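Each of the next two complexes has chain A plus one more chain, namely chain B in the first and chain C in the second.
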Partner chain A sequence: MITTTSLYDQLTSLYKEKRNDTESAWLSNLREDAFKAFTRNGFPTTKQEDWRFTNIAPFLKEDFLLHPGEASLHSSKKAGSIPQFDAHEIVLKNGMLNEDVTIPGISISPLRTALKDERFKSYLSKHIPLNAQPMAALNTAMFEHGIVIEADKNIIADKPIHVTYIYNAAEPVFVQPRLLIIANKSSKLQVVESLLIMGESPIFINSVTECYVAENAQADHYVLQVTPPNVRWVNFNQTIQSADSLYNNYTYTLPGGLLFRNNIHLDLNGTNTESHLYGLYLTGPGQLTDNHTCVNHLNPNCFSNELYKGVLMRDSRAVFNGKIFVQQDAQKTNAFQQNNNMLLSNNAIIDSKPQLEIFADDVKCSHGSTVGNFNDEALFYLKARGIGDVAARNLLVNAFAFDVTNKIQVPAVQEYVEKIITQKMAEAYD
Partner chain B sequence: MLLDIKNLQASVENKQILKGINLQVNPGEVHAIMGPNGSGKSSLASVLTGRQNYEVTGGEVSFDGRDLLDMSPEDRAREGLFLAFQYPIEIPGVSNINFLRTALNEIRAYHNEPPIEAKEFLKLTREKQKLVEFDAKLTNRSLNEGFSGGEKKRNEIFQLAMLNPKLSILDETDSGLDIDALRIVSNGVNKLRSDKNAFIVITHYQRLLEYIVPDFVHVLYDGKIVKSGTKELALELEEKGYDWIKEPVTTASV
Partner chain C sequence: MPNKSDDILEEYSNKEYEFGFVTDIEMEVAPKGLSEETIHFISAKKGEPQWLLDWRLKAYQSFLKQPEPHWQNFELPKVDFQDISYYAAPKSGAKYKSLDEVDPELIATFEKLGIPLSEQKILAGVAVDAVFDSVSVATTYKETLKEHGIIFCSISEAVKEHSELVQKYLGTVVPHSDNLYAALNAAVFSDGSFVYIPKGVRCPMELSTYFRINTENTGQFERTLIIADEGSYVSYLEGCTAPKRDENQLHAAVVELIAMENAEIKYSTVQNWYPGDKEGNGGIYNFVTKRGVCRGAHAKISWTQVETGSAITWKYPSVILQGDYSTGEFYSVAVTKNKQIADTGTKMFHIGKGTKSRIISKGISAGEGQNSYRGLVQVSAKAENARNFTQCDSLLIGDRCGAHTFPYIESKNSSATIEHEATTSKIGEDQIFYLNQRGIDTEKAVALIVNGYAKEVLNQLPMEFAVEAQKLLSISLEGSVG
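Right after this comes the complex of A and B.
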């Protein structure tokens, strides 16, 4: 395919082509609104405050295919999957669910099939601020594939659900996966998302995940961003918690892909909720990792805790922007946020910006941000015991990340993440 | 000869701290170094182990026939030099046991030996824990994190036992230890003594030297060894303090 049209033009003409698709009226109305929200400003630019440090424009210049080819996906290989991980495995090839997965009490269905049901109108993009989030709006307007994971009321999942996205990047592709997780009343589930890329052409992922944690339900949500260098990934994660629910988000970004932008939005829509957002970003050569989180306390007696830790190597760059809103009704809120960074190179740059906006008076909130280096005393202590420079630094980085990695509730996932940290550290040494 | 220090001079932040140290240590020997605060005892240990902020301005040191000052801190340790720190640092998030396994394997790799088998490591850990009566619960905690002063010192000796160095420098390992701990630590050291290894024991107190009996006692004052003798010297210092030693040096150096 030879094309000189811009991605923007390509997307808008594809959108118009698709308008006649047989989708329910509510969905096509939603898509229309989302499309307008996207086209109003187009792709985000660094002129917008929220994207000030993150310029995606250079990554959009490829001649992208909007439908990845099937060719190289025939292998049923599970490479990149997590060793010793006892999970319900769901593999999405180029975004599509090809085999039936049966898990007692939990339904897994292709999004397009599921969306024929009017019921999902009250979930899909219901809480995403489309006008302020052009990338999420674009995904909403144009996503094709994706799945719904829904746990029935009172169901406690027997093991984690591991969703692996496999994409063919034999040619440059632009893909828009979509995941909807619903944990109904008093249910409990763990979802682990990971990625497997075949091929070495640039792949731009514009993903949206929505997670509804109903009354008294619990959801653990892991996003493992272990990727090759050809990945660029903009991710929007919207979670809505009802009363007495628990939500844990673990977003771990390791060296590889050149661009990561994670938007983690959390609305506390009921009282007495608990939420933990754990983030780890290890940035390697030429990489930019940008985490924008937003925790919105709308109700009384909720507890939120956020811990993001970053280790920056070489000429990498990271952005942390953490917003906490405590609305007027959200009395007795406990909201904590911490962002700690270790800069391992003079060429690395971190922009860290915690933001607290409190409109209630009886609350406990704190936030903090630190930037440091290796502790020379600790390094010397380790070396004085015969531990070489690389191993000593690995130990200290793992120790730094430990507060975050030890929060992982699945031992196989924890081991996997720790192993990748060590491996990536060794590869990215100055 | 295991250690041969010749006219060693070193400075930190342009301040001369070691002003010409001479010391020879043979396998099987225990040397005690005493001396007033700030005289340079820990500095000597730091220079020997390769701490970065010290600059060697003169002299030479050979360790087991090799140029010690030419080696990286980790290679010095791998060649068999060990320092029990005066102030062991806490490293949260690094487990004691993982740290020891890493250290042991790094040392083995240096000598072209394969990593230690899990079973063998466990056995070694148990054995050495017993030897220095180190609480097994502490082994699994983060390195020195929240350890009491005495526990940290005992951990140093436990590490010493695990790594089995040729030359160990104990920098005031006795301070902060209660009398039982002192006995335990000293017993541990005595059990580890052999005709192949040697110890340099830095201390302010003769008491320790009743447990770990030295072959030689040296007095370090103002960056120099100003007097050397046998264990009786320690007793004399305990009684008379350092003033009688300071005097002749000051006059002699004029």
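Right after this comes the complex of A and C.
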């Protein structure tokens, strides 16, 4: 195991060591390209526009292990971290799938096994802009474990699929999970991702998820970022939608880990698609949550809607950057984007950058962004009716978040998220 | 209708620049090239004091150190700074006392542009400090202004006669090292306007300067400095048209506004420089740094701009809201057609308590025009109860144009309220149909809709300018049916 001072050196030497691996030619070529893309500029810095407000350098200084220790995980059997959640449970211990999961019509397989199949050549990293995304490039170059979830044609999953990542962070560890979701023609599935950390050393997660939604298919994708403080998480999510498909992304980041960076990229590769991106970020003390979304309208008659809401508590920072591109062929596009923020403290900082780039004329696009605090009149109204200050504020925060939380289509998940919001808000006033 | 609109689009995009002509006046032109000698030459030519020469040289040093910017949303054409002549003055460089002494050809030029100096004095009550290329040749209404203690003159005159004022304020809002083009301007600025409004004085008329680029290959580097002392008010108008030209011309102006306690500055611009032909050849590069600072409490600075010309417009009139309860405003209409590019917007820095800002930006893109709004609203931790409202709308005419918005919103204060909204759409067919039904032809309907769309901004312009701007907008929009 390599433990040098610099993570960068550590990663590059590990990469070189592994080059003579037994992977198929297309995969090692892809990894080589990705590795070059990463090493061109190394880890992103605040000099780059996309990372202007998010400095990951302080989080990379640990003496990371690149393979988490495998002991001490056997105690945690099934995940089940979400109460009363009736789902197909998939548990990835230190990134690895240990037991077979059988779901009718849906295949779940370890990525490394699956990638022996040439078929995945047309999926893996096919749409990720590696040169512009150093972290996703690093993952592509070096990911080891991960899974493929593939729904067959015309299959409608009976229950949501819950993927729980369990990591051992007894020592500082740097992990790169990878998930590939494929919803074939006219299929429908729901995937919920959550995380469970054992141990209290810093864990840096650099994850990549790719999601292909084929013609007439529907995919709901939940990422629940409920974590202990030792988590730092950079997440890249690339979705490609074909004609007549529907994709919903729900990214909820709650107080806990110190760094979250979500890149949600969506390419609308077919006509008549519908997409919804919902995000909620509650930032706790010392936390930085950065959401970068990018919706690329490439074809006519597509609809995209984006709603991100944030509540910033003391000593926290949030960044929102939402891009919408409407390319020249994408006539009759409807694209909406909204970002609302509540700053609960003068020590909190918000940087919001909604961005539209439009090259077609027959479109309806709008974005809105607001920053504010509690509405004094609303507070007064509640207090006048005998509701205490803290309770009134909690009520208003819950109401503010409700716009996003009520979009969750799985009741157990919705209850779970709402409960954590209430709990975290209560802590905020203690 | 598709055919009809195609015809109109064709006709529209073929439209030649209406104000393209060249005035033939003997010029005194500095040799091409930029070096310390050029700066010494300009400074000597204008008989400047040592401090200004030193400042210019410092700026030149910082100009040399700065790389070309690369963040803008267009491809920056390579500007050969050595291929520009940095000084041009009409040969009869002496100051004129009355209009009779002014070269008749010059007067004719202004008349062609519809701004007859002689009539304007009577009709509009506007004092015009006409900058013909780089040296002011006629300043009117000076006497009236003098009575109020207002100083309104060319900046070179101000350097001679009010040296202490210029020295005190020059470069305090836009430092000589601010950006590449501001540094270039500071190093080689040839002329510009200087305005000082004393305490408690309300300027009795709109102050106005018409800029006009005339000599081939002469980049214009204007520098404007406006100071409104405590409790004063001034409205300043800037407007420009340029003769037709095939070679690109660089214009890198700097405007600095300083508003003291309770003072108000209203700065309006109508910009209609040569935009290049429909292939995008020629045209002016308009790279301008405009910034104002509200120094005292309750000060107000308001920028209004109507941008229809230039091949590339690149400017962000900004306000630093330093004084408590100060206000910043930005109203903009930017029209791009053919291959024109406009990358414009504003920055509002909320520093003082209770500061307010309002941003209204309307972009209209036609043909292959590209329109970008780029803005920054920054609320510092001490700016209690700061308030911002931003609205930036884009109208697209034709399927080859583009509209882009890059707003940055940064808040460090929880009591601040910031609102931003942006929309993009084309002119609705139902709206056109509605007007058609009522006997208004499509072209007029478009003009009507667009004028209505831009009204919020046009309303901010002073009377004399609003008329010109409306005319300009409808000329620009002739035949632009989507």
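Following the convention adopted for this analysis, the second predicted complex is superposed on the first by the 421 of 430 C-alpha atoms of A that agree within 3 Å, B and C clash if a C-alpha of one lies under 4 Å from a C-alpha of the other, contacts with A are read in each partner's own complex, and residues count from 1 in each chain.
In this text, contacts are C-beta pairs under 8 Å (C-beta built on N, C-alpha and C of every residue); 3 or more make two chains touch, one makes a residue touch a chain.
Only a predicted model underlies this, so the values are computations on that prediction, with no experimental measurement involved.
Once both complexes are superposed on chain A, the partners chain B and chain C fit side by side without clashing.
Contacts of A:Asp389 after superposition: chain B is touched, whereas chain C is not reached. Contacts of A:Glu118 after superposition on the shared chain: neither chain B nor chain C is touched. More residues of chain A lie in touch with C than with the remaining chain of the pair chain B and chain C. By the touch criterion stated above, A:Glu200 is placed in contact with neither chain B nor chain C. With chain A as vertex, the superposed Cα centres of chain B and chain C define an angle of 80 degrees, given in steps of 10.
Of the two partner chains placed by superposition, only chain C is touched by A:Val363; chain B is not.
Within the superposed three-chain model, A:Glu32 lies out of touch with both chain B and chain C [touch as defined at top]. Contacts of A:Leu344 after superposition on the shared chain: chain C is touched, whereas chain B is not.
In the overlay built on the shared chain, the residue A:Asp158 is in contact with neither chain B nor chain C.
For the pair chain B and chain C, the minimum alpha-carbon spacing after aligning on chain A is 16 Å.
Chain A contributes residues 375-378, 380-389, 391-392, 395-396, 398-403 to its touches with chain B in the complex. Put simply, chain B touches chain A in their complex at residues 49-52, 72-74, 76-78, 82-83, 85, 88-89, 91-94, 98-99, 102-104, 106-107, 110, 142, 159, 163.
Listing the residues of chain A that touch chain C in their complex gives 49, 328, 331, 341, 343-346, 348-373. Looking at the complex, you find that chain C touches chain A at residues 71, 379, 381, 394, 396-426, 482.
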